[in-house]
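Mind looking over this structure? Questions follow.
Per-chain numbering from 1; labels A, B and C assigned in written order.
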Amino acid sequence: MRTRRTLTALVAGLAASSLLLAACSSNDPETPSGTGGAGGDDASEVEVFTWWASGSEKLGLDALVQVFEEQHPDTKFVNGAIAGGAGSAAKELLQSRLQAQDPPDTFQAHAGAELTDYINAGQLEDVSNLYDEFGLRDAFPKDLVDRLTVDGKIYSVPSNIHRANVVWANPSVLEDAGLDPKATYATLDDWFTALDKVKASGKTALSIATTWTQVHLFETVLLSSLGTDKYNGLWDGSTDWAGADVTKALENFEKLMSYTNTDRDGLDWPDATQQVIDGKAGFNVMGDWAEAAFQEAKKQAPADYIYFPVPGTDGVFDFLADSFTLPVGSKHPGGTKNWLNTISSLDGQIAFNKAKGSIPARKDAQPSEFSAYQQSAMESFGQDTIVSSLAHGAAAPVATLNAISEAVSKFTTGAGDLATFQSDLVAANAG
Amino acid sequence: MPKNIRRWGPPLLLVSPSLILLAVFVYGLLAINAKTSGTDNHTAAQTTGRAPVQWVWFDNFVDLLGSESFQHSLKNLVIYTVVFLAGTMFFGFLWAFLLDRPVRFEGWFRSIYLFPMAVSFVASGVVWRWLLNSNQGEAASGLNRLFQNIGLGFLQNNWWNNPDWGIAAIAIPAIWQMSGYVMALFLAGFRGIPEELREAARVDGANEWQLYRHVLFPQLSPVALSAVIIVGHMSLKAFDLIMSISKPANYQTKVPAIDMYQFKLSFDYANAAAVGVILLVIVAILIVPYLVHINRAEKH
Amino acid sequence: MTTAFDSLTEPIKAAPRTGGGTAGRDRITVSRTVKYVLLLLFVAIVLIPVYVLLVTSFKGPGDADPSRAWSLPQVWTLDNWTGAWAALQAPLWRTIALVVPSALISAVLGSMNGFVLARWRFRGADLVFTLILFGMFIPYQAVMIPLVQLMLNSGIPSGIPTLIVLHVIYGLPITTLIFRNYYMSVPNELVEAARVDGAGMLRTYWSVVLPISVPSFVVVLIWQFTSAWNDFLFAVFFSSSRNGPVTIALNNLANGAMLTDYGISMSGALLASLPTLLVYVLLGKYFIGGLMSGSVKG
């Protein structure tokens, strides 16, 4: 508070000189509407802050906006998209705007623990009343609603669901290595034998990319080695990170990393997936947005590529969801409400997910409208156990994820051994 | 009194806009930052005043400087700065030396050497990520592949993918970008030396090498000092480079600015601020001797 | 050193040309050849990344891949360039509207500061200079949150106007440094003569100092032009894709949260660097000249 007052005083002292500067420079064609402050139910517009600025994500957003304009013609959609990538500064920007109490009307965030900080900071409104109003409690699977609920309140509305625990493989590489492409692997140990064969054939057995993809692989290994209950326990404190079963999981991870390409840290996920597409690598573990990369390369399943759950995680759906929020202090809460209405509506979810390649969070979407992979994912989502993804912000808060990522990176670059890795992980989850 | 105004008024009028602006935008903000660094503001709830914030004096600094992870970042910053400075000074000087005497197409050479400064890392970062790919042998791509193709296969290495020295490779794109500027500085330095000095040395029977070694190079030390300061302040910008070539989460290439970014994103404002203060102190330690030096030089 | 200076005071005799014989000429030819070979070698090295940018910018989606960085496009396509041009056109104009005023204003302010600090030896001038210079090293990340709040309260519209203000302010230290060093080298007599004529400080600055400052203006303008043009951090924080400069558009063009389109990102990168390149080519000669006329003598 005091900081604010100091700032205001500084600004006053500054006014003269900055006015001078502003006068010289106000040649900007676009003058933003004043500082509103109308509050109430202002639905004249909605500023939507996303990372969806290009590719299939932009197509998805465009499709969604089309539905929005049909459903709510009176609310003007204002696109606040800032790409991720080098602009991870975009997340900093969002944080600063929330802190400065100048939030966008709604922003995109992974549903789940990633929201914890915003919730603790009191920057998000409880939207559970909208769940009742729009009938979402019945439209979404109960498992999902449970995972979104914090102390009886819900702070975001999911627009789509992705699955993280998927292995993508190139059948001809597997055949060349003497493997049956139709084979399934019940456990990681079974999979290791197959990986050995691909490695022996001279190809990269398991392609991987930069740190976050390694954390992604790591989480599926934890899930596979520990099972769902213990995996969930890692995030609520009931599973001990220092325990022997975690050590076993870390050993599995170490073994898996030994099958990977050495240039991993310099690649991003599309490069790793591309290696499977090009037949340079046998397997790749990636979320189901990889489907879009295979589609773009005009590949057909199961002739050109195959997919299956990470060995040992069959019947488990490691989920992450994009969701939208209602920030405290939004200038157009009515607009936000309309936006949340569209993204949770059946039409909105179908239009969005068909373009983006993910699946609707709603149970009532007809699978027949979607691609073969999406149909299989929708089926699993309906019947599998749902767990939260670590690498994508559903399972742990940002600080914990950062600390785990650093520990994984330190380990995989060879700056520490397995014991150090485990103690770093213990420290990461204690802090 | 009026005399005083006549004496003080005009110069004050000229500098005061800048001084006021800097007082607010540099020192005002740094003060807020310093204040945050002395608190235990480590969680999201505290940043918005929903949980109490305690004054902890220098605890954050003690913790940071004591942590292995932050020491690793500091070590990386030192290696990066040294390699970056040495590289830009070496190439900048060499190019200026080669272009000093009349050279055909000098304008072209100069423009090409300066060109990298024009390219933003927002996009060229991707190219550097490709070039600095760490695969060797059959799977090699990027520079390693190029080395193989031109028969310099022994030069292949894993670039920044090395927990001890990897950060040095991140300096390569920075050297690529800034060497042209240093060249321009040195070239101007060479050209600024009066022609008579060269002639006189030749009269004295100095050969070309002696001429450069004993007459021209010593004249350039002020230029070199300026270049070190201007280029040195770019080394704090390593952040953009690491964000686009490596990734913030890559342990082998992290520097304090990356730590600051990660702290801030996880709402640990106190530690983020403390890293900022540490960076400033490092800068002060480096820059104050320079200022003392130029002041002394001017008094003579 | 001493010999050189001593000989200066003597009348210069007909300078005997070094290396008059054929042997000497051969040596010169050899060293000249070596020089050109080296110069061309460095051109090649500097252009390596540019080559990759260029060939990739003509490649289709599957072709633009790190493993094929060195090879020419399988199919040449202009799609990336047309796509990039369509996306970057408007932001490029906005960037010009940002860069030109911010470079000019910070140059003028820097020149005023430089003049005062170089010519007006008041007590504490060095301290003031040090304090200004220190601003060059401010870690922007550390001050972003209060800065966002400050700009919000200042009422300056977000987008280009805010960015101009910020680039001017944070450009002050380096422009002051360059101008101060330049004015230190201006002969005292010039300024004194004006003072004898009864000109006050402002008049002296306006009619004597400013006209001879052109070389330093070139240096400062080039520097400020480049850094404002390539700035990304301020752009992200204080503008959006609707009203922001080209770096924002470039970033949005290339990076999805999940997907990256390499081809278009590289043609965009080249496209966005062309105006700066043009400035270098046009002002390059004056750039060296400006640096030469004293501005670098710390």
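Assume a residue touches a chain if its C-beta (ideal position, glycine included) is under 8 Å from a C-beta of that chain, and two chains touch if they have at least 3 such contacts.
Source: prediction; values computed, not measured.
Contacts between chains leave no pair untouched here, as each chain touches all the others. Of all chains present, the one whose mean CA position sits nearest the global mean of protein CA atoms is B. As a whole-number value, the distance joining the C-alpha centres of subunit B and subunit C reads 15 Å.
In this assembly, the C-alpha centroid of subunit A lies 39 Å from the C-alpha centroid of subunit C.
A separation of 35 Å divides the Cα centre of subunit A from that of subunit B. Shared interface positions of subunit B, i.e. residues touching 2 or more other chains, are given as 17, 21, 24, 28, 32, 121-122, 129-130, 133, 141, 240, 261, 264. Residue positions 3, 7, 10-11, 14, 18, 86, 89, 92, 95, 99, 267 of subunit A are each in touch with at least two other chains.
Contact with two or more other chains is made by residues 66-67, 144-146, 150, 168, 232-233, 251, 254, 260 of subunit C.
Looking at the complex, you find that subunit C touches subunit B at residues 1, 3-5, 7-8, 12-13, 15-16, 18, 35-36, 38-39, 42-43, 46-50, 52-53, 56, 66-67, 69-70, 109-110, 112-113, 115-117, 120, 122, 126, 128-139, 141-147, 150, 166, 168-170, 172-174, 176, 181, 184, 200-202, 205, 226, 229-230, 232-233, 247, 250-251, 254, 260, 262, 265-266, 268-270, 272-273, 276-277, 280-281, 284-285, 287-298. Across the complex, subunit C meets subunit A through its residues 61-62, 65-67, 97, 101-102, 105, 144-146, 148-150, 152-154, 156-161, 164-165, 168, 232-233, 236-237, 240-243, 248, 251-261. Listed in rising order, the residues of subunit A touching subunit C in the complex are 3-4, 7-8, 10-11, 14-15, 18, 21-22, 24-28, 30-32, 51-58, 78-87, 89-90, 92-93, 95-97, 99-100, 102, 267-271, 274, 277-278, 280, 289, 292-293, 296-297. Contact residues of subunit A toward subunit B in the complex are 1, 3, 6-7, 10-11, 13-14, 17-18, 20, 86, 88-89, 91-92, 95, 99, 116-118, 120-123, 204, 210-212, 215, 261-263, 265-267, 397-399, 402, 405-406, 409-410, 413-415. Contact residues on subunit B toward subunit A in their complex (touch as defined above): 17, 20-21, 24, 28, 32, 35, 43-45, 47-51, 69, 72, 121-122, 125, 129-130, 132-136, 139, 141, 158-163, 166, 240, 243-252, 254, 261-262, 264-268.
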